[in-house]
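What follows is a structure written as structure tokens; I'll ask about it next.
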């Protein structure tokens, strides 16, 4: 119960169903005095909204954000920031035929078993639209991080089998292609691949990579709220994500200590690491290097072809999922992963302020 | 701050440093009336204690658990269960030479930056010994899960490059080899590999797989406390884990929807899935199939060879990590991953009791 | 930071300022399958809305609630219930002259010191309108409690110096007078008293009493989340409340053990208490008797007469608080205290379901 | 479930039963670098330990604290501080005869109903010994507060009907009498009163007052974690407390706004209040004046005279509570109330560090 909140000091609570009145988030614990405008939130929402390209659902919604509280004269007041996005294009009829049948790859069955019945319209709470609240909060978290010199950036590293190798990264191209890949040529190939799947009524997944720079060393709270542990929760909580890794991730399992360790060295008075296999996180704390995480995103489960399943009556059935679905959700999920990363970092940034007594003195006795 | 607790209803709080007086855990929220003996906890602790084989540290500690509270006449009372394990074999001198130098691959630098100074003896709080508390709690969680017909089992799927394919799993052999691998022959090969590394003063990692059976469908709390999200936090919070995946995990990124979806079907009145690419988790809720997760464990960073690093004074330095270290921590981490999985499931099992009003009536008005 | 949430399983998060776009609450963790209509919430809101009598502010707002999520086909779905009330009658100009001067008896100074600046319009977040969210949540909590046979009732025991003695309680009269007092004659006297204060540009306080019947014994979670401890937090968190007591409350300080103890006895197979000095709570757990708590409410600090104070520039100043204020907030606060009590009980009712292993078996193995 | 923790950043978790192996607390989230010695904790524990005077139980225990973790070379490390106090003088036989009978005024019945059975030895978890953990944590919190110039002081304002009026406070005498009253003469009278009760096998209660000075304005987190709300929870969670009030408390109910408001004025560049009816808390935030709270403590329920009650078999019975009980617990509870106040303030002091963006910049960009 009550699993709709995330964060300890910078705390978000999301609400809303795909086809209800709207979707929203309450952001509590944002420090007062941060400049915040609706535009700053809209820019993030526009990165995840439908209808951006022919590779995303035709569902047409502007997803316009309204800030209902917590901001006065352009600045946060320290009180809860409530953001509301009204649902517009709700074609409930699209879902009528699956009202009582469980879609394979979806949460339908689990929700039915857990709650006894379910809002079947567009997946209800388990719809991808739930991420609107996360994304709005991500915009606020990013603004807060900027105050501490921290920037977060996510992009699609892989679309299906098409991957961009690190040496081919061209970050300037991320916003130049439909998939938010850091390489237009790779995006071109991916486009062909996805078009083929669409003709075939199929879908694909991919890998989203997210990096953060400017992090001070020491962020993360031992032992259960380590930086990597909370990032893992934050990212895995996004629908369709089936795996999370930090730095070399799964590759470390076949590496050896002598080469996996990142040697420290002095660089003009700064402590740096010669390599970054750790992905900026050692022992659950940021180590001053760039944070690197990856999320594995599964193929959109809604495919417009007959699938075998069962219904609420406990009978075998065949289902054809109608509606307007994304052939892959990776492009629209990029900003969601970036947002969850920013939210996690914002919370740990605040918590870390209380890590040592010098900080307490700095705030209260040197004021 | 205060990141030493995990869980909402079944809540654990661990404490203790490698070379302090002891290590322990407080388990709060365990239902009353559960049979619990020190032996049940000791069996778990013995699976992670040092000196089990020539492939683990020679550090010799019995790690004997004392239950200080919460149990009366062999049953849990519903009050906090405090478990204490005294530290015994503390060779602080082993660590004197690294007191002010940062070990590569360790949390030393992060702790120093975060807290301003650190208990350098054996890594202090960031030592692997911290997992003793998790393991003791795992024993209690497993006993609780058993009451609901749920069993959890972990094993080493890979040791360095040596992996056991699913078709070769022989679960009866897990406890017959030094690595807790589900295949003695593979363990034999791994043994040779590890011996070679040891002669070479090097170390390796591996992959731990954990499964849970008997789970009812619907466990997990949308949207941030989903089953997979909390498991990801729980597992990633274990030192040395750099990646977590559920079901097909990272493989889903190159799969297609039509084959990645698991079709439901009726099997003698029960709803089952023909495949389990989802690893028993759909939309963040258990789906009634076996839960499957994997954790990527990095090579032990403590290798007995010269490494380049820096010291607290900000000078380049060379370090040789002495002490008695495991050439790989995978074998001893198996029970830790199993424990974190059990703890997460126990908490969600309790939370799920409040999911629907029928349950409330069942407890309060049908009593 | 992030202090806008209350409850562990039945968890509410309120947001909104007096003169912002609106006020709302997100209720997370309400079990699925509970019948819930907007009317049920509106009935509660109407009990606290302005303009009910000549003894409440003339500010005229209907405070109409809109349920934005969490309810489908008249039943809760188990997902967050978001309730929105738009602000209507916002006369910001009323507050212009106190924008930079601290009102005595208000939170102005504290907010300014804490956040560096403040939304001065009508007190912003510290306005009494913040309780709209609590009240809407109270309606949902009350509906949940009813499923377990629990009813909560609050009323004004005292208005200024006018108190209704227990022997004079006439509960049928609570809704027959402007003050929600359980005795119309006493309310008549109070009316005269309040009218006199109004002519004198002054205000008064009072005591609100709240009782709950039908509680099973054992609600409350030792040791910091005891029934009385959480009720104390819940009630004291309501603006203007300066004291909370359970049962005989402060009178116990001059009592003796032999008479303060409530003897248990058997009454037709039921365990009862001959007296209820404890107010239904022993050792922090409900004892099966009626729960009784009282809240001391201070006089409305906004009085339309000149008061000495200081301004943000650190200068002495005189202030005359304009605007339309209640001569006493007790009548409108009655439903707020009832709501906070219901919310606290609802959360503890759910938590208590996990108190013993028999309950776990009842839900999972006897299903 | 899991109600044994308190605090968000400065978080304590207590455990232990009266007649188990021991009692303890884990203090998580204490900033690193705070000087802490076992003596500092012992001084607090000695103020609550039994056998201090003829007016406290003869139960003789030294209650010696052992710090098991979180302190290195005399300073806190930022990791959990685990404190253990072994139980010594356990005369379980004293309790044999009440093993299955419910003591009036105690939690016995509630525990039995909640958990299905109970550790009847000395009340188990509901024993007053549970406060040892709170008191040890209070010592740490007080040390932390001192770093910010905050001091907390509690004393017995009333013993039964004997009250010390504010004008008679002589704080230097608090530690000169058996009751920790701020006036030896009043303590003398109280001594006579208590002696009479003891001869009569009866007990009494009292009122404990606690003040805090040096608080910056703005501590407290709107709206549910206000300063007064959390203090109310903290203090009411102490066994035997039946009422909590801030400042004028219950007296405000019969006051009027014009006299209850505290006028602000400038005093040599500082903003002060001419009066302090608010007890240092306005709108849930500290207002820069002295914090004042009072707790009403009930008479010790254990009286050595026959009382009517029922047993677990549901039969009427007579009980005579043997054992060595305090004729009043007020004197020993003084340090417990002081500790809970300090713990609450320490947590809010840390949370308040994140209230505004200037603080974030101060820590991260002006470093």
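To keep things simple, chains are lettered A, B, C and D as they appear, and every chain counts its residues starting from 1.
In this text, contacts are C-beta pairs under 8 Å (C-beta built on N, C-alpha and C of every residue); 3 or more make two chains touch, one makes a residue touch a chain.
No experiment lies behind these values; they were computed from the predicted model shown.
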| item | value |
| --- | --- |
| Chain pair with more C-beta contacts, A-C versus C-D | C-D |
| Chain separated most widely from chain A, comparing mean CA positions | D |
| Where chain C and chain D are represented by their mean Cα positions, the distance between them in whole Å | 25 |
| Between chain C and chain A, distance of the C-alpha-averaged centres to the nearest whole Å | 37 |
| Sites on chain A at which at least two other chains make contact | 1-5, 8-9, 14, 29, 31-33, 78-79, 114-116, 125, 216, 222, 350-351, 354-356, 358 |
| Chain D-facing residues of chain B, complex | 1-5, 7-11, 13-17, 20-24, 26, 28-29, 31-33, 66-70, 72, 75, 77-82, 84, 114-119, 121, 124-125, 350 |
| In the complex, chain B residues that touch chain A | 1-6, 14, 102, 104-111, 113-116, 125-126, 130, 158, 160-161, 197, 201-207, 216-226, 228-237, 239, 241-258, 260-266, 269, 271, 274, 278-279, 282-288, 296-303, 305, 307-310, 314-316, 351-352, 354-356, 358 |
| Residue numbers on chain A that touch chain D, as the complex places them | 8-9, 29, 31-34, 76, 78-79, 144, 147-149, 216, 222, 349-351, 353-365 |
